[in-house]
Each structure stands twice: as C-alpha cells, then as structure tokens.
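Okay, here's the structure, questions in a sec.
Per-chain numbering from 1; labels A, B, C and D assigned in written order.
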Amino acid sequence: MVIVRATRFEQMFLTGARRIKDGAVVFVGFHWPMLMARIARRLHAPHIVVVYENGIVEDRLTPVLPTSPCDLAAAEQATTCAGSLEALYMWLGAGRVQMTIVEAAIVDRYGNVNTTAVGPYLQPKVRLPGSGGGTELSSLGRDLLLVSASVNKRSYPDRVDYITSPGYLSGGQERTRLGYKPGTGPQTLVNPLGIFNFDERGEMYAAALHSGVSPEEVRASFSWPIKVKAGHAVLPEPTEDELIIIRRELAHAKERYYLLPQEFVGLGSDKLL
Amino acid sequence: MVIVRATRFEQMFLTGARRIKDGAVVFVGFHWPMLMARIARRLHAPHIVVVYENGIVEDRLTPVLPTSPCDLAAAEQATTCAGSLEALYMWLGAGRVQMTIVEAAIVDRYGNVNTTAVGPYLQPKVRLPGSGGGTELSSLGRDLLLVSASVNKRSYPDRVDYITSPGYLSGGQERTRLGYKPGTGPQTLVNPLGIFNFDERGEMYAAALHSGVSPEEVRASFSWPIKVKAGHAVLPEPTEDELIIIRRELAHAKERYYLLPQEFVGLGSDKLL
Amino acid sequence: MSTGEKPILTMQETVRRYAPDGQELLIGGFAFSDPTALAHELIRQGRKGLFIMKTSGGVLVDQLVGAGCVERVLSCHVWNSVGPVPAYCFRRALEQGKPHPIQIEELSYGAFTMALLAGACDLPFMPTTPVQGAGHFTQRTFLPDKFGVIENPFGGGPVCVVPPLKPALGVFHVQRADKYGNAQMFGPTGEMRPAMAACKKLIVVAEELVDTAAIRERPEATVAPGFMVDAVVVEPWAAHPTDSYGYYYRDLHHHALYGEMSRTEEGFQRYVDEWIIATGNHAGFIAKLGKERVAELQLRKAGW
Amino acid sequence: MSTGEKPILTMQETVRRYAPDGQELLIGGFAFSDPTALAHELIRQGRKGLFIMKTSGGVLVDQLVGAGCVERVLSCHVWNSVGPVPAYCFRRALEQGKPHPIQIEELSYGAFTMALLAGACDLPFMPTTPVQGAGHFTQRTFLPDKFGVIENPFGGGPVCVVPPLKPALGVFHVQRADKYGNAQMFGPTGEMRPAMAACKKLIVVAEELVDTAAIRERPEATVAPGFMVDAVVVEPWAAHPTDSYGYYYRDLHHHALYGEMSRTEEGFQRYVDEWIIATGNHAGFIAKLGKERVAELQLRKAGW
C-alpha cells in the first residue's frame, strides 16, 4: 500500500539504480551517482565493487554515505587503497570497470557535460568547479551513465558553453576520429523524467519515461527539439519497500550534509512514507 | 705494520669505496658495486643511502651482504620499499641519486658496457645475462662509476660486440645528440690497476694507478692503445685497519656464496692479515 | 635533496623561509590530506601573487583566493565538496574579479596525474586519455603547451600527451614522518606519490613525528624517502576540515560553516578574522574547534 | 575480470586449465617472488612452445628453457644471481641450440617496466630512458616494434618510446590473497603492480589464503584488487629458492646446488628428475628440501 507516491527525484534513483548490475565493477563519480550506487546496494546489487578516482576500492555498503569520493568514509575497511594512476588508467582506462556513473549538471544534445563555466570561459556568468576526474570518466568509461536531477532547460542546452566531460562532441563520428576508444561515450542519461539514450549520430533521445511524464513535458525541459522514441516504455514505480529504502537513504544523505531539492529539505524520518 | 700487502683486487675496493661520499644517495648495481658500497659504509661512509632498481632504499649496513639487489636481505628493515618506476625513473632518472655504480664486465674505449653477448648476437660465442637495469644505470646515472675486477684484454675490447649499457657510444657528441641527458655517461672506471677517466671525446684514459702498476702494464691490459695521463697519481695503499675491513668483507662475501678470484678461494678468517 | 636529519620547522618558519610572495607552490591532498594549516599560515603572513598548483582545489584554495594571496591557479577543480556548495571566493574571483582577478588554468585529474608523473620521472611527456574537443584542451591561458597531440609511432591515430610538471616547491600532508624526512601515507594516495617526486623542493606536514623504527615496520607506506624531503613540519590536525586516513574524519559541520560564511565577502572576512587571524596558529585553530568536536572526529588514539 | 569468489586452484589444475602448449605467459617476480612452483609444474606437465615473458629471468627461466618448454623469451636478463654463476641452460640454448634453439628478445628493465605500464594503462606507448645506440634498441628479433623514436612535441629532441605489453596470461607470486582474489605484496614490488594490471588474465600464487578482514587491515599492500584476478593458487614456499619478503630468505645453498648441477646437460637432467619429477608437486619439493633447511630459511611464523 503506497501512501505517498514517489517523487520524480526519487524515481530517478530507482531508475538509475536498476541499471547497476549486481557484481559489476562500477566507477562512481561525485554526488548523486554515489547515492545511486548506495541505493542499488540496498536494493538488488549488494555485491557491486565501487571504485573512485583517488584509488579506493569500496566493496561493501559503507557505514555512512561518503560526502564525496574523497571522503575517506569510503576508504574505511577498504580492500584496496591505491592511487589515481591505478584508478583512472589501469582500472577505468584499461576497461576493467564495467559501468561508469557521472553526474551531468549541464549536458547537451550530444552528451557533452559542462561542470566548468557558463558563459565565456574567461568571464563566466557562472563558474562551476571544473573537471576533477569527470573528463576521464566520460573519456574512458564503458557503459557510461549520466545522471541529472534537473528538469530545467538551462541544464540541457543545445551545445554546452564548455565541454568538461566529452560526450559525442559535435556528433557523428567526431569522437572516434579524435582517438577516443571504442565502447566509450555516454550510453544513457537518467533524470527525473526517465531514461535517455543516444542514437547512432550521438544525439540524445528519450527512450523510456517515468509514470505520468508526457512527451510534451520532456520536450519542454530541453533546449533543443529532443526526440521521444515512438512507443516509449513507461518505467515502473518503486514498490513500497523500495521507496522506504530510497527515502531512508535520502534522509541519511541529508544527515551527511547533502543538499536535497526543496521538497526534501524538511524531511524527517517520520515522513519516510 | 702491514704483514700482507693488499692485492690489486683488494686495492680496487678501497679505491672505489673512497670515491663514495658519506651521506650520498648511491644507486648500486649488482655484484662488486654492492660489496664496494658495503666496504665504504664500514670505512668512511656509514650514512650513504643505497637504492636498488627494485625499489629498495637501504639506509644502513645490512646484517648480511645481499647476494644481489633483489636478495631481500637488502630490504629487511628498509625505510622504503617501492618499485622500479620509482627507483629507475623518479630517483635515478630525475637526478635524485648523486652517484651510480655499475659493474662493467666487458667495457670498451668509450665506456660502453657489454653484459649481453660476445660474438654475433644471434649466434653468441658467450652468452651473458643481459641488461637488467644496467642500461638505465648507464643511461641515466649521474657520477657514474664503472667497476671491473678484470685486467684481461678480452674485458677491454676496442669496441664491445653489444652495447648493453651505453657509454659514449662511438665517442664525440653522439650520446648528447641522441637525447641522453647532460651529466650522464661514465665518469670513472675503477679496476685492479687504478682509476680511469674519460676525455672530452668520451675516450677512456688511465688517470691514477695503484702502487706498483706501470703504464706498460696498463697498456697490456687493454685492446686499444689506451692513454695514460702524464704524471698520473699513485693511489694510496690501504692501511692495516682498512685492509682488515676489506678482507673481513671479502670473507663474508664468500660465506654469502660470492665467487671470489682464485687467490681468495681458500681464504679463511684466520688469513685475514 | 640530501640525506641525514632534516630541519623540523614550525609552519610559521616554513612559510617564512620557503614561500615568499610569488612562490610557485604545489599543495598536496585531494580533498583529503589537504594541508589547511599551510593555507592559513600563508594567509596570516599576507602572501601575495602565489602560483598555486593543486589537483583538487577545495576550501583551502578557496580561502587563499579569497584572502588575495593568489595570482595563478592550476587545478582540476575548485569546490566545497560537502553539500556541495560553491567555492564562493573562487567564483567571485573568476566571475567578478574580487578581491582581485586571478588567472586560471585547468587540467583534468588524469592529465594532471600524468603531467606530475612525467615531472617525477623527468621524462619529456606522458600520454594521457583523449581530451581533444574538451574545453580544457582548447582553452589555454598561461600554459599554452599544456597538451600536445602526436601520431602514435606504432600506428593507430592521434595521441594526447602532457608535458612534465616540475613545481618549484611542494608541500604535502602525510600521516607520519621521521627526523630523516621519511614520510608515510596510509589509505588512498591519489596522485601524491608522483606529485611529491615531481617537486624540486619538498616539505612534508606530518600528523606525527615517529621513530625510524616505526617507518621500517611499514616500508611500503613510505611515499617519500627521506632523501627527497627538504624539511618536516609536525602539525597535528593539519588537514582539518578535510580528513586524514586513520587519524580523523572529514569535518562536515565545518565545511558547511565555511560554506555559509564564505557566501558573502563580509562573511568570508569574518571567517578569516575569527578562524585564521585570531587563532594565531593551527593549534589555536584546533583549540577554537573545541575538545568535543575534536573527540568526535578523532579516529586514531595510538600509533599504527 | 569479475567480482565475487574466485576459483582456488591447485598448481596442477592451473597449468592444465590456463597454460596449454604455446601459451603466452608473463611470470612475475624479480629474482624474488619468482613462482618456481609454476615453472616446475609446467615442466612436470611437459609443456612445449611457451612464450615466456619475465623481467628477471633467473633459475626459473633457465629451468624452463633447459626442459625444452620454451620457444620464445622476452626478458631483461637471465641468470643465476647467486655467485653469480651462468644460467647454463639459457647459455646452451643460445650458444649451441640445446636442447633446441629458442628465440630471444630483450628490453632493459626500465623499458620493460614502461611497456608494462603502457599495457596496464591501455595507453599507446610510454616514453622511456634514451637507449638509442644500445644493442637491444638495434637488435630486434620477434618484436620489431619494441622501440620507437619520436620528436618531443614540446621541443628538445628525440624521445624513445615503447609500445604497450599486454600479456595474454600473467602468473604472479604474492604473499597473501583472499577468496575474492584480493592479492597483497609486502616489501619491494619492482614492476609488479603495473605488470599485474597489464595482463589480460591474471593468476596469483599466494603463500597463504587469508580472511578479507586481514586484507582490509593493510589496503595499501593490495597489488591486485580482486576484480583483476581470475584464480588463486595457495602454495606455501612457491617462490623458493628465491625469497619472499617477510616469509622466507633466499636459499643460497640451493641456488649454488642448481648452478653446479645445471653446468652440464646430464646434471640438469638429474636436477629435473630428482627435484621436479620425482617430487611430484611443490609440497614434495619442499619435503625434499627438508625441515631443517625450511626452518633456517623461514622468517614469518605467524600472520602480519
């Protein structure tokens, strides 16, 4: 008996987490991807092995959610603590990681992610943090999943002002031509609206939508006329058990100083369901 | 009161050891260089820091003489155990090592060392072990000291059949032209006859001789007409105390399965002086 | 680069002696083991015109920028990862030129790692992940040669390469060191091993000074043999509010406090006055944190 | 490359399953941690035509060559470092083609390390020390592309580069592993970290199997995370007569014994018969060594 339906933000975590296969080695980037991997561990994928850019191998649910890949809460009782040469090149670059998850705060038609600067680089309107290992995750990651919690057009420009994490660049075969490896490049984007894939030209399209999301609503959230797959699937809603887990983890994230969207700010554990 | 005079083999260790400055970081290659560094520690240089190609930093006299840089007797109680990337590139290549000592079983006019093959490479008359890290030690080592226990012409050909560890190649500026770093290349060779240096064209010449060694004897030991510096110095003989130390270490080397020249094979500790 | 005993310096003396105005300075840490104590002392001594290199420029770089110490930054990101909230000073500097404009040059973390590896090995370049088409490949400010592209001599297309980085001075936080400068880190090391080896001069800031006998028990953890180290600073809690593996947790509350205060120029100035200037030194900073907070965050009560 | 529990195999089963005739095989160790137990089992099972890659080819490679198992060797040297005495079988093979000719290709240790690093990182090449003019630069047998020379794109002349090595199979001796394949080494690691990561399939031969809890106590010592490992062999004393840091010393006497016996073809055959074939497996080999010798060499009585 679902008393409160899942919000789309919550739906996003379920949809993304479901794509994580139990037992996979997953390279997890900063922020929502970390929470998503944690939720997957709680739901159906307890045996994933998570690797982070600093060289941590996190093989089990950590006692607390790390606030970033460099929060050493992730390293407590780790089986391996190595370095970035291992993580970014020997594990990620060499294809030993089966899935890569990166947050895509601003992402364009061809899956290029901007986490650096909005507006001119030297005189930015909004200056964002920059790449970190995000460039490598997008450059080298196999089965690359992008995650965005936004449904705002400004988060989905036709072309980003600055490519921090390269997607399909200008589309077509540009990525391959420049020497990027086969099997790399974004495969999927998950956001509060549903699942998006990339066509053979590297252009993003809506492949499956969350319950209640209309193609019109999707189009209204993107700056370009995004295609919606004809006869797109409708993604399943969380069961009550799933929703309990997602909300517990969101509440935990808040305890760990994660800034949640407005609707969750006042969320206490009494409001879990 | 010297009862038995030092042999030239013993002299060689004293002469070589004296070139090792206390407190220096010294990259030590296989065999006699290891014994030489150990003797230097006993004599005047207790504070040298020895590094080996496998990543060991050996900062004090080890309880026993390692039989090779990879005899982990060298690593017992080491302050650092790293790897070959650190040792060969970050310490040696980057110039953090002040002195490098390499055995030069066969060495030619221009300081090129052969530890690979005598005769045609594919049909060798004598097949030797090969490079190991010897190439890097000669390619990258600063203040490079070559050590040879031989006084046999075959050990000093005009040109080696195979350059395992590059000296000045064909002489002149060839080494520099090919991209070798400034400050590298053999500086000195020590053998039972004395000390040899290299002129501005990279050619070896006798710079200082052990007591009783004549220029004629030097010339007879080399396959090319080697130059002997006019008014060359005569190197000091070991004192009794020095000789005791050298002989103790040679006896210890024998216990550690080192094969000593014939004159030492029967050496017991009762014959130390 | 020498052997033997190394000077054991206070942070004040270190900054005075090694970090004049305009110093080129690689600061260690990757949002853990960030040597905050160094940044605070640079601010106390009013340094100007620094060229700061830091892979992960967190609160530490934000404070140096906000306090006007910095002319150039080379980094792979600058942020306050708890929350996350913006690195407000960094934003104000780049968006509005406040307190004064700074120059920024960027590398991705992988490329930064490889540039440091090339520097550490004294090799002329290192190959890196393909980044052609990415902004930091195209956009170059004060390092016009930060990337090159060459043909693979073994066939197979273009290859991105980075030139070596050899910072004039590096200061790194480590868990422990001995009087010879042998420095050990535990937990993940990010790019720190090659980064330390890339620096022309190297200072380690250790949580504790230990006997060499302790170093010998864990020789695999020695990230810098003593001969690479020029001086040692012993400064407990030097990395707070970031974490130090095995020693203390990340202080989330303090990250949030800083995020809140640094939202405005005035708030940032109040943070500097209250937490950096008024505390006098890092021991004063930790005293201001209070025993209770310190006890909450502390992991290790005894040695390893 | 997968997660979860890995097969714990005997050496017999490992050789049967993973190392057929003609196998391309990188063997770990650098005159320490040489997995002798592997070589002996390859000899017992009569393997032919192997392509052996080993940075430091000691007694182990000499035995494989002498026993006729090898077609190709890629190495940076082959010797019996105690004494030293020649690697007689290796010499006989190259000088006289006995028991049959082998092909040899050589790299210096630094170049080998860089080739493995390139393989580990899946990068198209790595720069290396200058080796132009050296014999192993000029002399190429079955790896004609083992070196390349390119112009430094940042100026400053020619640069030697090596292409990646990605061995089809790697077998490495480690001190300990858990059932998930997490493998730990202590002491120096030579080129082993990148070498393990360069291999397409990877098997570790551990002195002991430990609980994952023990692995978690020393995460810095994990040289191969479990997801890189295909199978685990638990074989105490697997590296004898070479040494295993913290576990046992190098057996000088046995090195000398082998040196003496391998001086002639007949002597070598006697060594094979007595020490390899008649012993049946590595436990038999160690039993033949005798308890007294084992006690002399043993370092570690309990776990770390």
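Quick note on the criterion: a residue touches a chain if its C-beta (ideal position, glycine included) is under 8 Å from a C-beta of that chain, and two chains touch if they have at least 3 such contacts.
Keep in mind that what you see is a predicted model, and the values were worked out from it rather than measured.
Graph distance from chain A to chain D, where chains that touch are one step apart, equals 1.
Two chain pairs are in question, B-C and B-D; the one with more C-beta pairs in contact is B-D. With chains reduced to the mean position of their C-alpha atoms, the one farthest from chain A is B. Note: centroid distance chain B to chain C, computed from Cα atoms, is 41 Å.
Look at where the CA atoms of chain A average out and do the same for chain C: the two points lie 28 Å apart.
Chain B has its Cα centroid 58 Å from the Cα centroid of chain A.
Shared interface positions of chain D, defined as residues touching 2 or more other chains, are 123, 159, 186-187, 189, 193-194, 219-220. Across the assembly, chain A contributes residues 75, 78, 81-82, 85, 89, 93, 181 that each touch 2 or more other chains.
Under the stated contact rule, the graph of chain-to-chain touches falls outside the line, ring, star and complete shapes. In summary, the structure contains touching chain pairs A-C, A-D, B-C, B-D, C-D. Listed in rising order, the residues of chain C touching chain D in the complex are 118, 123-128, 145, 148-154, 156, 159, 161, 163, 186-187, 189, 219-221. Those residues of chain C lying in contact with chain B across their complex are 1-4, 120-123, 178, 180, 182, 193-194, 197, 212, 215-216, 219-220, 222, 225-228. Contacts from chain A toward chain D in the complex involve residues 23-25, 47-49, 51, 57, 59, 75, 77-82, 85-86, 89-91, 93-96, 181. Contact residues on chain D toward chain B in their complex (touch as defined above): 30-32, 56, 75-79, 81-87, 90-91, 94-95, 106-111, 113, 117, 129-136, 139, 141, 157-160, 186-194, 242-245, 249-250, 252-253, 255-256.
Here chain A touches chain C in the complex through residues 30-31, 52-56, 67-68, 70-73, 75, 78, 81-85, 88-89, 93, 114-117, 121-127, 129-136, 139-140, 162-166, 169-170, 174-175, 178-181, 256-259, going by the rule given at the top.
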